[in-house]
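Chain IDs A, B and C follow the sequence of writing; residue 1 opens each chain.
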Amino acid sequence: MDKLAQKLSDRGIVGYLKILLRGAGQVMFQCNAWTGLFFIAGIFWGAYQSGTPAVAWGAMLGLMVSTATGYILNLPSDEGQQGLWGFNGILVGCAFPTFLGNTLWMWLSLTLCSALTVWVREGLNKVMKHWKINSFTFPFVASTWLFLLAARAMYGLDPTHLTTPTLPDHLSTGGYLYVEQATVYWLRGVSQVFLIDSWVTGMLFIIGLLLASRWAALWAAIGSALAIVVASALSTSGYDIAHGLYGFSAVLTAIALATVFYRPGWRSALWAMLGIVITVISQAAMNVMLDPLGLATLTAPFCITTWAFLLPMFKFDSSTPDHSHWSPSLKQHLR
Amino acid sequence: MDKLAQKLSDRGIVGYLKILLRGAGQVMFQCNAWTGLFFIAGIFWGAYQSGTPAVAWGAMLGLMVSTATGYILNLPSDEGQQGLWGFNGILVGCAFPTFLGNTLWMWLSLTLCSALTVWVREGLNKVMKHWKINSFTFPFVASTWLFLLAARAMYGLDPTHLTTPTLPDHLSTGGYLYVEQATVYWLRGVSQVFLIDSWVTGMLFIIGLLLASRWAALWAAIGSALAIVVASALSTSGYDIAHGLYGFSAVLTAIALATVFYRPGWRSALWAMLGIVITVISQAAMNVMLDPLGLATLTAPFCITTWAFLLPMFKFDSSTPDHSHWSPSLKQHLR
Amino acid sequence: MDKLAQKLSDRGIVGYLKILLRGAGQVMFQCNAWTGLFFIAGIFWGAYQSGTPAVAWGAMLGLMVSTATGYILNLPSDEGQQGLWGFNGILVGCAFPTFLGNTLWMWLSLTLCSALTVWVREGLNKVMKHWKINSFTFPFVASTWLFLLAARAMYGLDPTHLTTPTLPDHLSTGGYLYVEQATVYWLRGVSQVFLIDSWVTGMLFIIGLLLASRWAALWAAIGSALAIVVASALSTSGYDIAHGLYGFSAVLTAIALATVFYRPGWRSALWAMLGIVITVISQAAMNVMLDPLGLATLTAPFCITTWAFLLPMFKFDSSTPDHSHWSPSLKQHLR
């Protein structure tokens, strides 16, 4: 039994709790229960702060249901111990109360959708393994899109917080931003990874990252900052920038390219910065593309961009790239 | 020569006729000429009943053209003998007169599109074999979408029966259904697999299934019934439920998951029921998604959901899953 | 060192120049510097003729940036020597000034997008190699779509020349065409491969093709002509036919199917003609599909149709099909 496996082998309530916490941490690629604890603290702070506690409790429900689904389906347990069953579910749990009205059917749908992400992930990863990439948070994106779209055709679900479908229009003016507020925008970009709009939450997330990896924390910060710079330079919607809506996908792209799938170094740093720029373009493009459906992009801009930057399998050092998994130990186990 | 191959080896007119009839049967995964005969009877009844005989004759033309295309392209003959060239074509033949005006160009397009499904299927199956799944009726869906979309940009085709493109709206009220009509809705759900809106046709289809497989007939019935329950519980459009428009994809998902790709049993039964629920959600979601194009989902909700439930390759018994084909003999042949 | 490799092995300025010219030629699958020279001449003629010189200079910039990107990323040099890094970039360079206003940000975006096509191509080809097909010009299509969509959400980019998003409508009347102008329409169909609307350019392109391959020139001509016949028979928009907008994808499909991936012969000729017909249908379908986004199809109809016709891997002669690359020498090198 190797070191990581041993570290993950807690038993009993503590063991299960850690698995849940790691599930929260894995949203930003961190197999670390403490990181997850700070993430959950951030979610609760932000959700209660903005008067939508359902978001926090939805996150808890989604995390638990998806993790339990992994056990029920009897999936390989080392994936579960690393929290890889739960990270899509916790995002589903944040998204449903954010976009749908707080009804019984919303909670039932949230439960079903969280579970669904687990086997959608299993299926997508089987397909993507041929191309040596991973499905990331796309099971969350695809499953949530399904339910959010369906909500418009089902009176039992209340799509009240979704934006109204419109045909895309030009942006008639550049956005205006208060420069002195830049730190707030920047931290909100980090907090929006979990659909939370709060600079305090963003700080808690960065602290959580610090506990697992200084590189990840650094690049989350760079990702959000550079996204603001690019989005402002190209004069996208000031509202979106101010509320971190150009930052969250960039944060994930940054962590993935600069610290997870490539080792930190000047080549991977340049690659990640290029990835952040393209993520901002993708975010704008997908916002427009989904206008006629009144649908949010969720983390799709991160997924699409990071796939585009991983698929060529460029070698930045002596190691041969295989991006189908981000856990070193799992790579060995699954080989 | 194994048993199935022998059974399929009729020669002459009778042989060709059986191949055509099996093509009809394969829409619901049944390699059985009698099943196909009842399906075709159902199509003719429904088409004449609703005053659109062109639907029935279109079905015949599509079936014959696509089967002939298989011969012309010299594809592996055991596929053809099982009716696997014809099942996409017969659906094209039902769809074109349903959605397009009865003009000469419609019939020429129907002919071309039926043929197209055969090599689109060949190509898609080659791709999907890597993932151990099959293209199902998606060649019909993709090819028909292409022509229905094109019809709006071609004065020679008459897209008169397509719905008007609109931006998605919320459902402002739950649908009202007459409970005493439930049996009619339920059987219409089965008949809509071939785009027919008739409870008599639904009954003929179930009888046809019974001749090939009691399990398939049972699960077709369960699929349509459960779809009504779920769609009603979530208060989707009453009109759509009453006309079987939430049932047809669910029927196919049910047969596929509970009887074709997994052997009947309690695990596969649960899996299929979950699949039916998600198919209803997918149906609602795709209805909304295609609103701006005024396009029908066809059987896409079935394809997408069933793929999502097969791709993880879960083992429900001792057999190792390979869902790239549903004919036991073909699996051996192609190995 | 084989013959082709030797032919490509020029050094110094002349070598680099030839590589750039081949990049232009590869848009129509020709690894020939003279062909590329005539293509570029055609682009300049058409761009200056229509008062949009930025299109020509954009093409030059895109070609150079994408070719340089291949060197910087240290990709396999035999691909580069054949001009395979540059052909997506030159198309990006034609598209940006065509659809976006002439601002500084347009030029910076053009530069970034041209570079992006190089690694998107690398990634897509790695995926598609499993299916024995090639990404063709789809890296150009996908990357350009991304930026054109984003332009609507970014005040810094000016989407002024994009069409206004609308819901699809029926064509209320057949288009009227002047028969005596047929030659002009026909040559414009060829020139639109590079988004140029000029019969002189079309003639220069055909001469360029003649220098590399008589078969390619012949089939470019057939592709554009047959597209006009099919589009007119089905009464699509007269304006689109007159300006070659139904021709350009058909030209590429024709060259690909009749001369590049299959050797010229009666089977491949029939297959290519069928491909041209389906390309016209795809063009109409994608025009409608992209209406709500106000986006141009670019060469997507060609890509989709040609994939559909190559994926089944039909054998038309004794050679076993592998359509993942179109250069005979590269096929050997890469094996």
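Here is the rule we go by: a contact is a pair of C-beta atoms (placed from the backbone, for glycine too) under 8 Å apart; a residue touches a chain by one contact, two chains touch by 3 or more.
Quick caveat: nothing in here was measured; it's all calculated off a predicted structure.
At the interface between chain A and chain C, under half of the residue numbers involved are used by both copies, so each side presents largely different positions. These two copies of the sequence, chain B and chain C, are related by a rotation of 120 degrees on CA atoms, to the nearest 5. Centroids built from CA atoms put chain C at 36 Å from chain A. Looking at chain A, residues 130, 167, 292 sit in touch with two or more other chains. Partner chain A is touched in their complex by these residues of chain B: 130-131, 167-175, 233-237, 277-278, 281-282, 284-289, 292, 307-314. Per the touch definition, chain C reaches chain A in the complex via residues 73, 105, 112, 116, 119-120, 122-124, 126-127, 130, 145-147, 149-150, 152-157, 159, 165-167, 292-294.
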